[in-house]
Every structure is written in structure tokens, then in C-alpha cells.
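Two complexes are shown next, each including chain A; its partner changes from chain B in the first to chain C in the second.
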Partner chain A sequence: MQKLIVPKPKRLRKYSLIMLVAFMILGSAWFAGFNIIEVLVNLFKGGRLLGRMFFPPNFAYIPRIIDPMLETIQMALVGTFLGAIVALPTAVLAANNFIKTKWLHVPLRLILNVFRTIPAMVLASLFVAIFGLGAFSGVVALAIFTFGLISKLTFETIEAIDYGQVEALMSLGANKMNILRYAIMPQILPQYTSYTIYGFEVNIRAAAVLGWVGAGGIGQTLEYNLAWRQFDNVGTIIIFSFAIVLVIDLVSAAIRKRLV
Partner chain B sequence: MDNILIKKEKNPLKTTLHTVYYIIVFGLIFWGFSGIEYKGIMQTAASSMRALWQGFVHPDLVYATNSTIDGLPYAILETIAIAISGTFVSAIISIPFALLASQNIVGQKVSKIGKLIVTMIRTFPELILALIFISVVGPGAPAGILALGIHSIGMLAKLFSESIESMDLGVKEALESCGGNYFEVLFRAVLPQVSPELISYTLYRFEINMRAASTLGLVGAGGIGAPLIFAIRSRSWPRAAIIIIVLIITVTIIDQISGRIRKKLV
Partner chain C sequence: MVKFVNVSKTYPNGVEALKNINLEIYEGEFVAIIGLSGAGKSTLLRLINKLIESTGGEVFFDEESVTKAKGKALINIRRQIGMIFQGFNIVKRMSVLSNVLSGRVAYNPTWKTILGLFPEEDKQIAYRALKRVDILEKVHNRASNLSGGQQQRVAIARALAQEPKMMLADEPVASLDPITTVQVMDYLKKINEEDGITTVANLHHVDLAWKYATRVVGVREGKVVYDVMLKDMKKSLFYNDLEKVYGRPIQHDEILGDE
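== the complex of A and B ==
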């Protein structure tokens, strides 16, 4: 009878890999001072504070946070719009199948990568230093961040299009603009719209906290209340903004599902 | 010759609907612009831009090579440590949530509830989570780890449950028909099959958490964010510049490494 059970491959490599990963995880937990017992003890002590925030939150405060919340939504709308408008032509230039010279898309991608690496909060605090406190700095930060995000997603989509349509147009003697208009755009527009809506979702979440560095929106109200230790108001702000963000997320996810 | 051109069919209802959509979208954008007050660029803007540029040209190299606890290397390492620990915590907690949200494990009704819970976790901004944890466990890296650990569940559990839902059910059924109990099925059939994807998603989330960990410090939850915000607030641009440069380089390197590993895995 043939041997049915195949001998297992050597485990040394696998085990050394597991050891390495375990070492990295434990090492980083130690380095960051993460002590589970201490955390649990503090958690029980700090539980009282949570009680003051959420049981019960101060619902009478809601009328006063509607305006900052609206400002947050406006910031996200404008930031997404500006970022998305600039992102479309940039994505076309950064894709390697439309303009085929390396000299354009390699540096462009590098810049896009750098933009995506800097978190929106850091951008916002830089712009607050330049443009001053207020929603405008937040909008500029969101626009730049969205620009990096949407450009990257869109140029990847452009590179994955069905190239047959481009070739069909080329064989008819169409110029670059015609190819862009009739072969590339129709294929990527649904995705591009979907990415823009996704960017809006991300921006709403980002805009809700940008106020922490003074860039407008509900975050500013939150910081103010935390500084004055008005924890019941803090609870209200958190619950209220969470509800708004959740509703926007669910709506936009439904729209995106229908688009693509 | 036949008419080759085929006229697009136009549906009046659809056209009106599209017009309404466009009006709504542009109305929203106009409303948005109306709310953003443009106070003009500050008079000091030009000089602070120049100072910022000077900072990027002459970054604070002394700070970058300062290997004590106040130096840049320590802060970067702490940021990476927060990202690794936070990702690990969330990957572990995500598995039960993912099982709860997969319809081929717990059935249609329960999975809908599970999915809703996961969506709710995903929506909660991580900085606010960090603020809550700071007020509960005190400022420092543990608050950041907890915030990342909880927030990442939202995305990881969703991705995990998607890969569990698309897995081959034959192995699971084979084990069940041999009389395997729930945990045997879980550890011998479900997890081994999806584990490459699970690890790949976890690495991807680690890349995202690296970026997130660098902002957590802005609110006091450890990492590079705190020295960065101090440098920006005190307008010491050379220091802010070196922090941003090192941050970009670190994140890019980690992205590259983890991207390579992910390509090999799946």
C-alpha cells in the first residue's frame, strides 16, 4: 500500500518566523509600556468618568452643537469637492497607459504618495499656522488629503481599464482627447464617483476631529468642553456626531453599492 | 446601407431624475461653500511660509540624532510600537466579531446584527476614542494602543467576515460530518483556510495604523504626534520639518515592506 500520509515539510522556517513576529509584538508592547493589569485597574477607576459622560449625556446641549456640526459637514463637502476636481486630471496624467512617458508619472506618483503619507491632522495644524484658526485651514487640509487619496485610487482604475476600446478608437485615427473622452472617461466615471463619495465619508470623520488643532467644526466645541471638564456635554457631542456620521456612512455606502 | 449608428434610448423619467441628482449635488456644494468663511490669508502668512520652507531646507538634525528619550528616534519607535500593538490587539478581537458577522457561520439574522455592530465601530472616529481612553487610562501610549485596537476592529472584522463568507465550505462540512465540534471546526477548517487573507488584511491595517498612530499624539496618546504639534505650535519649523520628513520616510518604507509581504501571501 502506498503511503497516504504525506510527511510535513520542515517547520524550522515557520517556527522561526512565528518567533520573530511574537518577539516584535511583545517587544513593542513592552516598549510602549502597555501593561494589561495596569490598564484594567485604570479602566475600573476611569469608568466613573465614562459614567459622567454617557449616563446621562446632557441632551439640552444639542441645539448649541447643531451649527458646529453643520460647519463640519460643509467643510467635508467643500474639501471633497476641491480635492476631487483636481484629482481627475492628475490621475489621468499619473496613469502609465494614457501618457506613456516615465518622466511624468513617476514624479507625480511620488508627490501623491507624500501627500497621502501626511495625516490630515498634521496638514491641518500646519495650515492653521499659515492661514490662521478657522474652517478655511481645515478645508485646505481636507482638500489636499482627498486629492492624494482619490488620485491614487483613480489612476489605478485607469490602468485597469479595458484597453480594447482605446485601441478601437486609435485604429479609427482618434486623437488623445477623443480617446480620453470616449474610451477612458466612460469606463472610469462610475468608479471615480464612488471614490469621491468614499472620500466624503473619510472627510466627514476627519472633519469631526480637525477642530482639535483649531481648524473649525465640531472638534473645536469638543475641545472646549473637555478643557472645561463639562463631561456631560462631551458625551452629547460624541453621541450626536457619531449618529450623524453613521447616517452619512450608511447613505453613502448605499449609493456606492448602486454605482459600481 | 443599414443605419449603423444606434441612437441612445432616452427615458424622460431617467433624465429628470438625473437632473434632480445634479441639482441636489450642486446645491449641497454651494451650501458648503457658503459656510466656509474665507478671512483672507493672514498677514504673517508669507513670512511663515518662508520660515516653513527654511525649516525644510535646514531641518533640525541634532534632534534627529538625539537618542535619548526626548529624541526623534525614540518617538518614531514608540509610534511603530503603538501601531504594532494596536494592530495585534484588534486582529485578535476582530476574529470573534468577524465570525459573528459572517452569514455562513451564524446565519442570516445574527450576521446582520453583527455587521451593524462592526459598521458602528468603524464609524467612530479614532481620535475621539483616543480622547475617551486618555480620560479613562490616562495620557500615554496605552491609550493610543487601546484606541487603535478598538477602532481597527471596524475595518478588520468587515474584511475578515468577507473572506470567511467567500471560503470553500466543503472542509467545514467534512469536519462536521465526522462529528467535529464547534471549536474543532473553527480551528481546523475555518481559520487555516482564511489565514493568509487574514494576515494580509492585518498587515494592510498596520500600514493604516502607522499613519493613525502618528496623529494620536496630537491629543496626547503617545507617539510622534506630540513633539510634532509642539514644534508647530511654537513655530520651530526646523524641528517640525525633520519630524515630517522622517515620518514620511518611515511610513513609506513600512508601506513598501508590508506591500511586498502581502503580495507574496495572497
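== the complex of A and C ==
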């Protein structure tokens, strides 16, 4: 049988790409002053700190963190709810297959991108400066962050729908509102709900640290205890928050799996 | 009933889908449009209800200009024309009933249809439409749970719920198996004959055109190259003529079935 000779693919590009990435990582480490000895020394110090936090944590402190933890969850809930409500109509207007004029969805997307680029922490500091200390600033920050996140995911979902169903509704004389109601919403509602639950999941984690800038919740308690070097209380807060986040993630993942 | 006057369509990418079409479709006809993929069949069909806008000439439905119709006038034309598609295009995440009722949206105020409120008589229309295609027992099922043939029947029922004067079918059986194909075509024929609904269907198979249509229109490279009434037509003559549409004679083994 004749031996088939197939030329080997050229590897040059692949190798030069690997070299480039390696160079970028090493270069960045050097620029950032990364020092492996320092890491090891601090790891030892960190170990002692961990010992003070978790061996043992101060479980007697739990009753004192229930209220701030509840406040964190409430902040996340309200923030997610407000953000998600505004996100739905915005996503419809931002999608290029529902409204075809560019002058609306191009600027709208720009604004959404700006909202998503600003981390929730930065938004929170901003609103603490505007509305003062407390959970309200945190809620506004989370709402805006969620709004940016969910609008973006939802308008991309709208753009990916089966357009045939839209065409069918157009063919039978449906106006824009009816097309929205009968061809678009049924296709995107499960995803939209899923994004909202995911937003809540993200917001619980974000809300837990927002207290750092004075925007309420468990973060504020955490910062207070760190400042007073009460590391056994810090340990308790971390374990407690971890448990809450874990439970919410599991529940939310289970719900989302059933939705889509 | 439908009249094309010097109609042409050039897509933004420069493709000339239709060139100077003049065609009249008469009441009660069952017209099959045949031609190769990309010949312009789909475009031709979609110009009738303005899913696609022409770039030249004018289309009329019942003497009224479809080309110039906008807003309410266009909706009024569209609700008189049912349409079914190759991909069925029913809303899979809704019930069969909601799908068929959506055929009534253009006859009801928008605030009511948004809330899903339809008068009892519209529900009766929907039930009758479903019964017509023998699928009433699935009325409360979710549309996504139906087979392809059943979905296409729901799509026919949705179109019937419009109480249309005309039915457009864009490759209605192209994604169905041969047995379901015959079923769906039989329903279309029944509706055409019993209700007198003028039907225009794009078909891939010339045998289906021969079996079901009263008239066959052949489209090739954007032009109507063939237009014949099948009544009193000899089958062999019909197949011989198809060379005009497909650019080469139809081979014996390209013909389905033996009818």
C-alpha cells in the first residue's frame, strides 16, 4: 500500500506565542516587585494569623452577626430586584433585532458597558459620599451593578432568539407589543430569571464586602473587628458568611439548572 | 387576489432575488411555486405580506397596495393572510392554545392580548381550528412537547384562527418525513378546497406540486419562467417542461412515489 505523506503543520506561530505569554508573565512579576522570599516569610506570618482566627473561632459571637448578615442578604435582595426590573425593558431597547434604529441601542449599550465596568465597591464608595453611610448606599450600588450585568446578558439573549417565531407573529398581523409578548418574552424569560438569580448570587458576595466603604451589612462588622484585631470574631464572621454564600450558591445553581 | 406588477427585489448585499415579476394569483387557486434553492421562491412569498419589502414595482392584495401599506393598514392586510413555515415557527415555550390564540391578536385590543385575555368566541375559533387539523386533544400541551408534524398542524391551526382569505406556505413539508408530509399537504388541500382559501406554497418536490396544486409557477434566477394550470395537463408533458425551471431535464429517479 502506498504510504501517504502529509506535511506537518507549521509550529512556529504556536511556539512564539508561548514565548510571548511567558515573557509577559515574567515581565509583569518583575514590574510588580513580586518576590518569592517575601511571599514565603509572609505565608508564615499569615499562618499565625489564621491560627488566631480559626483555632478556635469565637462562636459566642454568632448572635451578634445575625443582624448584619440579614442586612447583607436584604441589601442583595433589594438591589438585585431593583436592578433586574429596570434591566428587562432596557435590554429590549438595547437589542438590535427588536428596535432596528441605531441611535437608540448604540448609546444605550455604551452606558451599560460603563455601568458594568465600575466595580460595585467603587459605586458603593460613590454613593456613600452622596447618600451617606448605611445600607441604602449599598443597595443603590448593587442595583446599578446588577442592572448593568443583567441588561447586558439579557439583550444578548434577545439577539440570539429564534427569529422565525418573530417572523410568524409579524405575518399574522401582530404589532410590536404583541411580538414582544408572544414571540420574544417566552423565549427569553427562563434565561432572564436565571440571570436574575445569578445576579443575586453575585450580589450576596459583593454585599458582604460593601461594608468596607461604610455601605452597611456584614462587611462593616468585619472591618470593625479587624480594626480592633479581634481575630477570633473575624474567623466566626468568615465561617458564617461562607456557609451562607455556599447555601445560596447551591440553591441558586439548582434553580437555574431547572430553568434553562 | 394577489397581483405583482413589475416587482423586483435587490438585497442590500447586491443579490438580485427577483427581477421584474408580473404575476397574478386568482381566488381559490392552489399555486405551487417551484425552483432551485436561491431562485427567489421565499422572497416572492414574503413580498405578499410584506415580510420583505420590494425594491421596485408594486404588490397588491385584493386591489390594495401591500407595498405602500404601513401601520394599521398593513396589519389589516396581514391578518387576512395566514402563513406557515419550514421551521414551523410556533412558540415552543407556550401552550398549543396560546399559540393558536396568538393568531387572533390582530383582531383584539393590544392591552387585552398582552394580558392574554381573549374573548370566548376567539377561544371557540381556536378550538375549531385545532379540530380542523385533528389535534384538539393537545390543546393544553406545551408546544415543545409535540412532534414536527404536530407542530406544523398547530401552525396551520394558528393560521386558520386568523380566518384568513389566503394561506402562504414556505416549504411547509421540507423538514417532515414522507408520511407526515402527505398528512400536512392533505390538510392544506382540504382547507383550500372546503374553505376556498387561496393557497400559495413553495415546494421542493415537483411530485407534490403535481399532486396538490391547481397551478404551478416555476422561478429561476429571479424570473417567472414557467406558469401552467394543471387541469387537463398530461403528466409527462408537465415533467418534460420542468427543464425550463431547473435548467436540465428531470431524471426518472428524481421523482418520488408512483402516482
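Definition applied: the second predicted complex is superposed on the first by the 248 of 260 C-alpha atoms of A that agree within 3 Å, B and C clash if a C-alpha of one lies under 4 Å from a C-alpha of the other, contacts with A are read in each partner's own complex, and residues count from 1 in each chain.
FYI, contacts are C-beta pairs under 8 Å (C-beta built on N, C-alpha and C of every residue); 3 or more make two chains touch, one makes a residue touch a chain.
All values reported here derive from a predicted model rather than from experimental measurement.
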Scan A:70 for contacts with chain B and chain C and give back first, second, both or neither. first
Quick one: is A:146 in contact with chain B, with chain C, with both, or with neither? Answer first, second, both or neither. neither
Looking at the overlay, what does A:167 touch: chain B (first), chain C (second), both, or neither? second
One more residue to check, A:236. First (chain B), second (chain C), both or neither? neither
Have a look at where A:186 lands relative to chain B and chain C in the superposition and call it first, second, both or neither. second
First, second, both or neither for A:175, with chain B first and chain C second: second
Quick one: chain B or chain C, who's touching more of chain A? B
I'd like to know which partner A:32 touches here: chain B for first, chain C for second, both or neither. first
Residue numbers on chain A that touch chain B, as the complex places them: 24-25, 27-29, 31-35, 38-39, 42-43, 46-47, 49-50, 53, 70-71, 73-78, 81, 113-114, 117-122, 125-126, 129-132, 134-136, 139, 205-206, 208-209, 212-213, 222, 226, 231, 238, 241-242, 245-246, 249-250
Sites on chain A touched by chain C in the complex: 162, 164-165, 167-175, 177-178, 181-183, 186-187, 189-190
Interface residues, chain B side, partner chain A - complex: 28-29, 31-39, 41-42, 45, 48-49, 52, 77-78, 80-82, 84-85, 88, 119-120, 122-125, 127-128, 131-132, 135-138, 140-142, 144-146, 211-212, 214-215, 218-219, 222, 225, 228-229, 232-233, 235, 240, 244, 247-248, 251-252
Complex contacts: residues of chain C adjacent to chain A: 49, 51, 75-79, 81-83, 85, 87-94, 98, 102-103, 105-106, 110, 113-114, 155, 158-159, 162, 168
